[in-house]
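Shared between the two complexes below is chain A, which pairs with chain B and chain C, respectively.
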Partner chain A sequence: MLETIDLSLVNWSRAQFALTAMYHWIFVPLTLGLSFIIAFMETLYVKTGDPEWKKITKFWMILFGVNFAIGVATGIILEFEFGTNWSNYSWFVGDIFGAPLAIEGILAFFMESTFIAIMFFGWNKVSKKVHLTATWLTAIGANLSALWILVANAWMQYPVGMEFNPLTARNEMVNFWSVLFSPVAVDKFLHTTSSGFVLAAIFVIGISAWFMLKKREIAFARKSMMVAAIFGLLSSVYVAFTGDTSARHIATTQPMKFAAFEGLYNGSEGAGLIALGVMSTTDTDPSNENLMDFNMKIEIPNILSYMAYMDWNAFVPGVNDLVRGNAKYGIMSAAEKTERGKHAILKLKEFKEAKASGDVTKAEMLKAEFTSPDFRENYFRYFGYGYIADPNLLVPSVPLSFYSFHIMVGFGFYFIVFFILVLVYLVKGTLERRRGFLRLAIWTIPMVYIASQAGWIVAEVGRQPWVIQDLMPTVAAVTKISTSAVQVTFWMFAVIFTTLLIAEIKIMLRQIKTGPKTDGGHRNV
Partner chain B sequence: MEDTEMFENLPYYILQQYWWIIVSLLGALLVFLTFVQGGQTLIYAIGKNESERGILVNTLGRKWEFTFTTLVTFGGAFFASFPLFYATSFGGAYWVWMIILFFFVIQAVSYEFRKKPANFLGARTYETFLFLNGAFGTILLGTAVGTFFNGAMFSINDMNQVNWETPYRGLEAVLTIHNVALGLSVFFLSRILGALYFLNSVESEMVEKRSRQQVIYNTIPFLVCFLFFLVRLLLMEGYGYEAETGVVFMEKFKYFHNLIRMPVVAVMLLAGVVAVLWGIGVAVWKRSGKGIWFSGAGTVLTVLSLFLLAGFNQTAFYPSVFDMQSSLTIENASSSKFTLVAMSYVSLFVPFVIAYIWWFWKAMNNKKVTAEEISEDSHAY
Partner chain C sequence: MGKHTLYRIWRFYVEGFRDMSGWGKQVWIIILVKLFILFVVLKLFFFPNFLNTNFDTDEQRSEQVLENLTNIK
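Right after this comes the complex of A and B.
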């Protein structure tokens, strides 16, 4: 049933999902963070009654609105793409994945879209306190929306709380709470949303820095920066903390991803952490083009072992250990996993055949075998490997994972220092004079967007070829459709999203140049 | 712990029916909320100058997100409760869904970007986006729902994997006149509802006059399309299935039989159609602004009853004309009992969600939209 799947179809379908997800993620983190920053600002307005805070709130709210609209536009595609381009996946896990998506719609999206309208249009229609409540509920709704989709994503990285039902040929949920509170889901939610807070804080600081450089709206800029820098500093420390626990989970749940983003080819005890590395663009391992040799690397001994297992001397498996297996450390080879996966697929087929031919006894026997704990643990667990023709396909792009990870982490630490400096200079009152630093603050905006995208590249490229870790590779998940159809929709969305992005940036830049108005904004009619 | 197990004790088939009702209700609310789409196609027909068009866009602009969110939730709930439909239809009828999505993408930015300085494409482009969304969004959604009765070309293997059996990938649905009749019915209905919404929400004599005219103009083609759809539906063969075996078979006058066997649905359908017409009547003859409430409620009842005709009383809600036994029913396409139970608890929040939306609507619509108000609004579209 899979022999006919063309790899170019898988790649174009992946490209389309990556395109829409990455465009969506340009806008979402700003929404997540800016909604809270606005809520803090409006709270200060309601508490102090100072109209300056209202002016500040309204200015950032205009930028929030422009950004939010395009976030909505790019988001709807993602939801439906699970069905349009990954239809086998939709069935295989729909029983689990659909629930968070439905909950997201019922609980979070309505909250967000209802209260955002009060936030924008309700200034003169509802009381100050009701308006403030609506602003807070918008922020909470936006972040709740992120919760459910991240739970679903975490489940794909670390499938828990389900059992495979051979009768329906799908995974069925048996424990909702272990899906919701899986440690991977909790970490993913906290890490991802707090990274959005950091992005929004830098956005606010960078734009405020531009006003300072232009010697305009100094009081406005200082106040905005103070709120953003405190929020940003706390968030950036939290991002580092949750990033650390995320990496530790990945070391055990997705060791191949871990080895790829750490650039660890051959595992060892007391493994060193490559703090900085440059890979060759030409010299590759002859067996796999995803394995590039390092031209230069700075390695700190033992740190990786400690990071992964809290033990300075622990063995950390490398890419080669995971592909070839390592008997000494009890790591099964990819070939063995593939055999076991094939066995599970074959058993499922036999069961289906017995069922179709009306052989009830045989079908019952096979079903009992299929659902036995032993079979689950030793065979079904490797179900997805049965679709993997070449073990080298199990290795994600190491250069892309490695660089993305190191860019994300490197920038992450820089942001902590950056927020501290902003706060120190603000308190000392010297920020306006530090023109070089103000320019750097503006340039930090693109940096945080790059770091944010890099994070998702680590998460999604690093887990290739899996749609669901160990259970379903992309090749088994994709909708059977002509590659040209996917190419057409890819370009259709590439063109429209790029056009809308240009429009968004132009509108934002104009709004920023116009600056805050005591009256709140411009007149339109 | 009896009281904490209100859904666990229900039989599987009841949960499947419960979720079919919820999905149907979301679909019905979605069609009602397409008054936004219908309104978008009337901006130039009713708004004869910039000021009037500004009023219309801003009046719709406060509601468009409800429609959008309902569409997203409708998709999410369908995925969660009947994942095999999601896998079959979205992956199969690829082009139809992709085109619908495209027209919703261009809507989502248009309100916010339309009047902003330096908006790159110009106000007219965003207004065109709104028009395209209003026209094609409704026609294609209606046409796609038509396949719930007329079927589609797919087969499903024993691993529940889907094959679409035509290269047109869903576009073939427009070749069935009955599907298109439903699509056009939704389109004209959305325009009627849009005009009724303007009558309810806008304070401008000229806008009111032209809205009333539009109600009349669109009622005629709506009635032609809808009556054709309804009469043909009640006369056509449908896909039934045996309760015990799940074997699908053709049944003459299937939907007419469904109507007879489910008198509640028959009453709902009748009441729905009457309420839609009543709303139109009070708007045209009594010059009332309340028509939207009658026609809106009527729309919800009518669409809900059509969905129930499609899925209840042992009817395949997504028939396959290629391989009858691949047809989807609410029994073979649903999520597991566990998932339906878990989500049923979540559905208890729905009344709460509806309550705050209702409160919000009242708070924001307590007076009609005027040109002065928009010119003073810092966030006008």
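Right after this comes the complex of A and C.
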């Protein structure tokens, strides 16, 4: 089957998954962050009894509601794609992917649906405290449901807590807690959700800036900005912290991804961090179009070694070290990993044949081999490499990884400065007069969306060709269906998602232009 | 949970939808159209579960995946 897989099928299936995941991720981070901002605002209303805070809460709740409604269920398409386009993968991952997704579905349905209903329909029907509790539980529920999908994603990047069963061709979970609390899962959850908080804080500040520029609702805008800027500043510092720990884990668990997003071709001791760089379009290695040199770079010596291993002089492997191997530093070559992977696949094939021929003794012996620590550590660990025909296919797109990573980090530091400036200007009472800064605040909204998407590109493009790190590449995961069928659904999704996005923007703009309303009489938001 | 409580919950939702503002009704139309497209049109006609559709038992499915995973050069 793999011998006849068309690479264009793999690429179209990947493109379709990327399209749906990235569109889905337009809606999600705002939900994650805005739900907490609304909860803070409503808490201030309940604490102070000031009706202005109720007005503020209800306005942002409308924008939250529009975003939630348009975005809800867009992620379900990804699950459809697993079953149709990635059937080998979805079978191979077994209950490891299924369990977190099932919990996510139950949580999303019960927690979010129930408490969102109270949030929107419950004004004047339940007590202030019950309403506030529902708002907080909506925020917590939304973020908890994100936890499970992120745990599943983290497992794909760092598969732990499972054993492969050759009889069922599935990975079976043996330790739920290892899956849930793997360092990659913890980092991914904290980094991703807190980046959503940053996005939402900038969304609130940007829209409030628009009101200030229009000289409308100044008190509303100032109060909204104050809450968002404090929340945003704390979140953006936390994003930097979790990003740092995440990079350290990636250096160990996904060294190729680390080398790619740092643009490090040849490893070295005391490796420098390229703070800024422009990649050349000239290939340094004609056999691999991904490898390009830098036309210009600003490098800070030793920082990369410290960032990766907390040691200024540590050796950081580059792309070439990981492909060719480096005996001095104990790095196995891709060729050796491929041989080991092929050996594991061969054992699986022998098992399949023994089972088919009714040779129970041999089948049992081979099955036992898959559970032996030696086989797992030295062969099954490299299972996916057995499908890699060319070692260069192990290198993700270095330019795309490098630029995405640097855009994400660059914007991340800008956001910290931005939040500090918003707070300083608010405290000094000069923000309304700084019209240039207010315009910048509006333009920071698209910047944070770009940074957010760039983060996913780093995570997902950087791990190519792996669907499951070292165990399953995309070429082995894909279902052999017609490429044209994938192309048709790709364009259908493009149209559906673009329509949804336009609808969201139009409804939101109309609500923003209408502005916050004083709470006179009852009307559900 | 008594009948009275269930009735109150029912009324809560009914009144909530009845008193919904214009934008709320608009997004509900979008939600319903979207769910119809996703679960009826896309799921039924474009995204059948490959293994569930083509094989009857888990044993057949695992054999198919084993065949796919081991058929390499």
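By definition in this document, the second predicted complex is superposed on the first by the 512 of 525 C-alpha atoms of A that agree within 3 Å, B and C clash if a C-alpha of one lies under 4 Å from a C-alpha of the other, contacts with A are read in each partner's own complex, and residues count from 1 in each chain.
By our rule, a residue touches a chain if its C-beta (ideal position, glycine included) is under 8 Å from a C-beta of that chain, and two chains touch if they have at least 3 such contacts.
Model, not experiment: these values are computed from the prediction.
After superposition onto chain A, the modelled positions of chain B and chain C overlap sterically. Within the superposed three-chain model, A:428 lies out of touch with both chain B and chain C [touch as defined at top]. Residue contacts after overlaying the shared chain place A:173 against chain B, while chain C stays out of touching range. Shared-chain residue A:215: touches no atom of chain B or chain C. Touching more residues of chain A than its counterpart among chain B and chain C is B.
Shared-chain residue A:95: touches chain B; no touch with chain C. Residue contacts after overlaying the shared chain place A:328 against neither chain B nor chain C. By the touch criterion defined above, A:482 lies against chain B but remains apart from chain C after alignment on the C-alpha atoms of chain A. Within the superposed three-chain model, A:496 lies in touch with chain B and with chain C [touch as defined at top]. In the superposed model, A:129 lies in contact with neither chain B nor chain C. For the superposition on chain A, the stretches of chain B under consideration are 7-15, 97-105 or 223-231; the one running into chain C is 97-105.
The intersection of chain A residues touching chain B with those touching chain C, taken from the two complexes, comprises 1, 62, 65-66, 69-70, 72-73, 76-77, 80, 83-84, 87-88, 90-91, 117, 120-122, 125, 168-170, 348, 352, 479-481, 485, 489, 492, 496, 500, 503, 507, 510-511, 522-525.
Across the complex, chain C is touched by residues 1-3, 62, 65-66, 69-70, 72-73, 76-77, 80-81, 83-84, 87-88, 90-92, 117, 120-122, 125, 166-170, 342, 345, 348-349, 352, 386-387, 389, 476, 479-481, 485, 488-489, 492, 496, 500, 503, 507, 510-511, 522-525 of chain A.
Residue ranges of chain B in contact with chain A, taken from their complex: 50-51, 54, 62, 65-66, 68-69, 71-77, 79-81, 83-84, 86-92, 94-95, 97-98, 101-102, 104-109, 111-113, 115-121, 157-164, 167, 169, 335-336, 338-339, 342-343, 346-347, 349-350, 353, 356-357, 360, 363-364, 366, 371, 374-381. Residues 1, 58, 61-62, 65-66, 68-70, 72-77, 79-80, 82-88, 90-91, 94-99, 101-107, 109-111, 113-118, 120-123, 125-126, 130, 165, 168-170, 172-174, 176, 348, 352, 355-356, 479-482, 485, 489, 492-493, 496, 499-500, 502-504, 506-507, 509-511, 514, 519-525 of chain A touch chain B in their complex. The touching residues of chain C, counted against chain A in their complex, run 12-13, 15-17, 19-21, 23-24, 26-28, 30-31, 34-35, 37-39, 42-43, 46-52, 58, 61-63, 65-73.
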